[in-house]
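Worksheet: one structure, shown below.
Note that the chains take the letters A, B, C and D in the order they are written out, and that residue 1 is the start of every chain.
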């Protein structure tokens, strides 16, 4: 076990495809979704940020990047299938060792998220004119500090239940949508030594990651997910007895 | 959703390798571990059993076998890596649709189990002269009916904590071992529409599956894991609004 | 431990005050809320029902009533404080022994519910013209059988988050309300050997308990909460060692 | 909601009866069990400690003491029944508002603990020559930092399963006892805005609270249980709609 010192080393990963192919998305996120998230996280004194994207070699997660990452933020959507199984396996092992994972929005279907959940990640969806109101169920949780009873996003993609996840360890937010649906939009799980937070908002054609409350939640989540601990993920040791055993 | 009628259709799967290669194991389980388990389950009026093994085509799980299985019992050990990823994916989908899964002993490292857990399945182990005493934590649970405060297995392989699993939905048994270790030896999880039970006992060189209490627990678990329900595992439907939306 | 035979013995308890004091409520529930619920439960071949109300001696729960009850259904609202602590303590003990409890609507503040939860039961509320839509999160659960993706109640009192409960073992329903709120409207917990289900709908001035889906959920819940098991609630036995101890 | 500044204000409460009546206990804990615990906590730069005992007016918890307490440590045994219901109700409300609670050893039967759990707190017990070995199930948890795979207490009272608690949110320690029993000896729960940790060791006739690992766990637990948040415990507000409602 290694106690690592501050600052928190965050890697923000995104596909970075919509931003290059869709002028509307480019206009909202000229530096990419990863760039926008890295932008507000990087302003925090206790956080250092790097970014990584799908089309870089090893998706930007090769070499020592994962080893040097305390919390990984993930945004994927149209190209989940292009993420290499080998990189996913390495990232999953790092989570089990103690790296935090913040899975955003359409990452409900990212391999790194579904492989840690063991479920489908399935949900209902609709891109329309819905308003989203996120109700805060745990006002004492570190992730909801600075958020009041609820906050609203004037326009967001709708995600609806049933959401194909295991029962969360903690359910922090439930969303109300204009069109009549509800969704577990903020939830945490422990997996091995790692902490995982799923946070729903963030459709690429909307300026969601520029909204103050969304930035607050993600920043809080980074601090919460940073355990400062690293354990071995999978050792299965043969173990000597600690008490006398009978003769064979 | 389909409500399926009784009896419960169980498929008992085992590697069936130790039984062919190790005369000691052959002596204890001449019909294979799958054969021993199918033997006692098949005596129940409400259960019909078939078996399947690693070296059959598609590991015995091809065609309509999984579709016609309500509860899958799994025992693997030395050849987890030889189980095809494609068959594992099909079996996992069936669990998410509502098939029950009973994962036995060394199946803590079976792909079907770890892929549904999202964790390593790691644990401590020792094959020696330990006695195992399983304490019953939930005397009202369907799986523990007929089991008193505890039961003992005179000699079993030791498995010790920490066990690389997510927090169980229900923790039914904790084991005490002579050599000084403890283990969460009976636990349940929901994944999608499926119910999963992990049960620790069953080293291949010991007659564990011939013991009455072990048979009672597995038989109870089969009935508990049978939901009688089948849902689609992963649909992600586009969904029309149920309430009026504002103009774009 | 006693295995009790069918049928399931249900006691439906309600305050029976609004029905006597408010003509609107009398019109909807001429036999009382308990009478309406007992009416539809009593039509089931596997269920026998009796009723009990606040103003009876011992609130109708004295003598052997609780001993002879497998599942207790509870509806209280304006007179929680008039329920005797002694009767609550007896009912709580019976839950820990294995009696099921279905707590309905305003029973979020009933002593029997909050004393088993350990929390406040606090929530937001509004009696207005809201529609309630209950989304089904666990389509494979016994309590949701016969309910599709969701069902609607044309007009109900609004209950909103945060709801002062411990994290449910299983979250079955989340409600959407017209006025913009959400609520965990169906949830389960184990306490001792007993199973507890909280179900939100049922304001006294509305005909909610006459609606088919609501009756289906309550009927399913009674069957689910019936464990058929009775254990001692609280024994704290001095226990002899099962293995040799060192000399003092 | 009030963000409170450091240091963490801890109140250590104990019955302080055995220490006055039993010379053996007096010898081990001349300043009382509360005094011993306050002693090692008070050496931490980020913690300020006061103590309170049963026989003081209001058990030492009157006036503003609870308001000024961030984390309450509780040790009771022979006189649970003498603790006033009114003080317990106040302390419980403070937990729901965000005060941490560390319940030690025989406090499994303290009113403040069982009223927050909603269960009996029942367990098996034996005062004999057992050794206790506490296995660390969550090496990444803040409460287990500085504890390795396990630690041993050379002699402790045995507590055995089944333990009458709700499923813990997190299970940190399972104990092995020489005499053949197991016990969930370290576990956490959220209740309202408060965090609760139950920790098993600490029989009054043994020097358990002088042992380094026990002190480390309790010190870690105090820091973990300090949320720095205060919410209202129970408000049940009438709430205006956030979206337009239909006409009545």
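A few comments on the model shown:
Methods note: a residue touches a chain if its C-beta (ideal position, glycine included) is under 8 Å from a C-beta of that chain, and two chains touch if they have at least 3 such contacts.
Remember, it's a predicted structure, so these values are computed and weren't measured experimentally.
Distance from subunit A peaks, on a Cα-centroid basis, for C.
With rounding to the nearest 5, the Cα superposition of subunit C on subunit D corresponds to a rotation angle of 180 degrees. Chain centres here are Cα means. That of subunit A falls 33 Å from that of subunit D. With centres taken as mean Cα positions, subunit C sits 37 Å from subunit A. Shown for subunit C are the residues that touch two or more other chains, namely 133, 138-139, 160, 167, 169-170, 178, 180-181, 190, 192, 242-243. Residues of subunit D that touch subunit B in their complex: 133, 135-139, 149, 160-163, 167, 169-171, 174-177, 180-182, 184. Against subunit C, the residues of subunit B that register as touching in their complex are 1, 3, 98, 133, 138-140, 145, 169-170, 178, 190, 192-194, 227, 229, 231, 242-243. Those residues of subunit B lying in contact with subunit A across their complex are 96, 109, 115-126, 128-131, 158, 160, 164, 166-167, 169, 178-181, 189-192, 233-243, 245-248.
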